[in-house]
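Below you will find the structure I want to go over with you.
Going by the order they are written in, the chains are A, B, C, D, E and F; count residues from 1 in each one.
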């Protein structure tokens, strides 16, 4: 057990093991993604109220779900790196932010595209949509803060502080946005509620949620590998790697 | 296959533009996200290799520094 | 001499790399009461970086261990003097929060650095040298035995430099210690140890 | 050396210092107020002067201005101290950093939040806000700007060491400003609608205590990181 | 020595310098945009999310944000150059000051106004502004922010030498910003109401030419005064 | 010697009062090609104020007349070096807009001030002395015959100071002139004229 933690602190080991993991996970995720999307896109019946536009659900919901989960991964990594000063956690936090931001962006854009045929408008200030926008800002904040620091060790710690403060605040933000919504506007759009999903729609949806988790993990691992290299340029093993690899 | 024809699949009762745009954009962003780390990694290694080569030639720390390491 | 009393500050096996260049490595030093230590080296040799590590301002990115066993006074490149405050207020409300905050003591310290009559002048209308002298007045107020000074003679005129050097000696003689950087040699009849940072010596 | 009485005296001196620095240029203190006044003057120009419309929007507008004024002054909180070396000295000080940081935040709150809360009724009346809503406005501004000052200071401490970080702080802290805005504007709107205001103020008060208890640790950590960057 | 070709090359170099300084931190360029985005997000939170209400206020809101973003960045335009001595060097330069100043203003306009105009349609749609009003929005922002950049630079040049002049610039320039705001927001509201937009744009264009012709003299004079203060 | 050639700069009957104190009055000077003039005086004597008047940066608040008959290069207390730009970019896009903007010339100038290999390093990660050296590199690029330099040796190491002083002599020998302030005497075998600002001499 202890030696596992010790190994986690060793960049070359992490670099190698992430590479091995990637080699397996990437094809599997891509396969799942392809199956889920084609299934949903071409082999399911249209929703009786929304028609064919509902097919966006197979990208919209997975992206939203994984984007939200991603923030917790990032904040957890930040907390670990700040409290136990673990290098891996720092690297993982740095690697999560762009992936999470991209998924949030996808959720926003697909939701927005979906809104046009369904509600007749690209954007509404609904509680959940607004909190998704805030999530995007939180991700962008971490990325921008990291990029703004020259000293990457300091950058990692600064981002860790930020995401730790973020974890404390996230529940407050979501609660308040929810409250704001119910204060100002009676529920005009409900995602959850009555729309109990038909199993024929549910299976491809579940598959593509799993696929999105897989893609998220792959991008995370890839980013971590690149980040390890960037931080360890001066060390012997990276130099040997550069010399050896063609 | 739900759709009868290729055309029907593209049009999707008038919602095709929305659906295909959403899927296209998603796939684009996902492929960028997946490709970015590999590109960055290869660039880093290439730069490092160049530096190592220069260093081997000049054999001085100064040269390594001047090369923008 | 440096091993006689318990050192106020010691550092062992310090190594630092910046911007891809090894500035120093295997650097071990100890500063004991009564010592004057001058850190020397060309521009960019790493003097400031070393002082910030010793003071505890840089806490990451270097190797080695630093042990501080006495309160210290650090004066860096930036004088920490607020232009909007007068000379006296600058010392009275100084953010370092050590030393005396009594106006009589402050005025005496200002007089000692040649700012008699300038106590109530806002620092932004002082000349470059006077501005730095406000900062140096802290040397007369602080109770810290160990001083870490980064180029304390910058912008100070000849008489001022002589007075400062005399102050260093007096401080060392009463059991304090001074570690400072400077490009000019001290003109005092007291032993000055020297730490030389040289690129060749590292490579 | 970090004995309690000495530490409190030190906090007092730091507070004096910050307030003096601000007051030495009367312009600096008046700034948030001017900003407030100008924007209040701009809104009718941009939105059209229909009085009932203005009244409906007054709570939101006043709160958004308070928030922007707070954000802009938070950005400056540690900057000059960083640039002239005062911040290094603060971090090397034998005094407890938690308390020193508290002095900075307190000064900031007094000079922006409290001042804005004091002057807000005037502008509220100019925007046709009914007098009945004024207590809720002042109360929510007082508590809410306190939270904003703590959150803004965290952002400032993380960005002060960055050359040209610019308004990066805006991106970092605005998500955290949002709950305050929602509850603050909500309190005033509630008062307008004749609802009880106490629950809103209680939430703001809870946020404030929370921020005051934990904020200084984050600010201290941020400053230590910035000085080392 | 101040021959025309040399002078133009110099202006080109200054422009490169200003743009590089801004681009070196991508964050710095994104700042006005982020600011825009954040404030656009704040408004529904403060004012309530009803789409029709938001649409009615969108022109005013967007214009006020553009104005604030402009104001805040104008404040910084000469500050760092003043503090590190670059401004002295500019004033001692044998090159014509009119042109050098133009390079500064141009860089500022490109990095705030033009960028904002380019991104504004996105935010406009988020505030439910009808697509038909977008050309008027972009056109009026392009011209109007040019005027704002000149006016803001005059304010910046006069206040840069003041220690802690802070937001004094806001007080100085906001009165001059108002006509721009009125015509700018007017153009968009006109487009919303189906009125012709050209007269508004013509007025903004006239203001712009006027500002471009005379502004640099005022800015140059302001800088000379500031350096001597 | 100073009257042989037409002066590059002359000032007559200069008088200045700051903060209620008369810094100098009746000050007349002329700088001719081939001259090295050192302005000396204690901290606060008015050296910087004098240089700013001579350069034309201060245009009000003093008495007397200044005639500038040649382009001049002024280096003040602030180095006008942007931290975000690299050393090379700082010179290439320098706001003074005179001198060469050719990269080969710039790199040569940087090498002359000991910054070989640092051309592409952003100035904010240079040491204090290296930062000032970027500014001093302008001396190798500028075509101006008259140099006004306020404490050019600040933060520069011993070798650097020697090189600078040699440069001053070379500049004077090829018909230029240097008026500079410094608290340390020049160690050159060339005649150095001196302007002494002394409080007693004014009162």
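The rule is simple: a contact is a pair of C-beta atoms (placed from the backbone, for glycine too) under 8 Å apart; a residue touches a chain by one contact, two chains touch by 3 or more.
This one's a predicted model, so the numbers in the text were calculated from it and none came from an experiment.
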item: Shortest chain-hopping distance from chain B out to chain D; value: 2
item: Shared interface numbering between chain E and chain D [over half = same, under half = different]; value: same
item: Centroid distance [mean C-alpha coordinates] between chain E and chain D, Å; value: 26
item: Centre-to-centre distance between chain D and chain C (centres being mean Cα positions), rounded to whole Å; value: 37
item: Mean-CA-position distance for chain C and chain A (Å); value: 49
item: Junction residues of chain B, two or more chains touched; value: 65, 69
item: Overlap residues in chain E, where contacts from two or more other chains coincide; value: 21, 24-25, 27, 34, 38, 41, 45, 48, 163-164
item: Sequence positions of chain A contacting 2 or more other chains; value: 134, 137, 140, 144, 148, 150-151, 154, 177, 180
item: Parts of chain E lying in touch with chain C, wherever the complex brings them together; value: 163-164
item: Chain F partner contacts - residues on chain E that touch it in the complex; value: 1, 10, 13-14, 16-17, 20-21, 24-25, 80-81, 83-95, 100, 224, 227-228
item: Contact set on chain F toward chain E in their complex; value: 55-61, 71-72, 74, 76-82, 84-85, 89, 92-98, 101, 122
item: Chain E residues touching chain A - in the complex, by the definition given at the top; value: 25-27, 30, 34, 37-38, 41, 44-45, 48-51, 54, 125-126, 128
item: Sites on chain A touched by chain C in the complex; value: 151, 153-154, 234
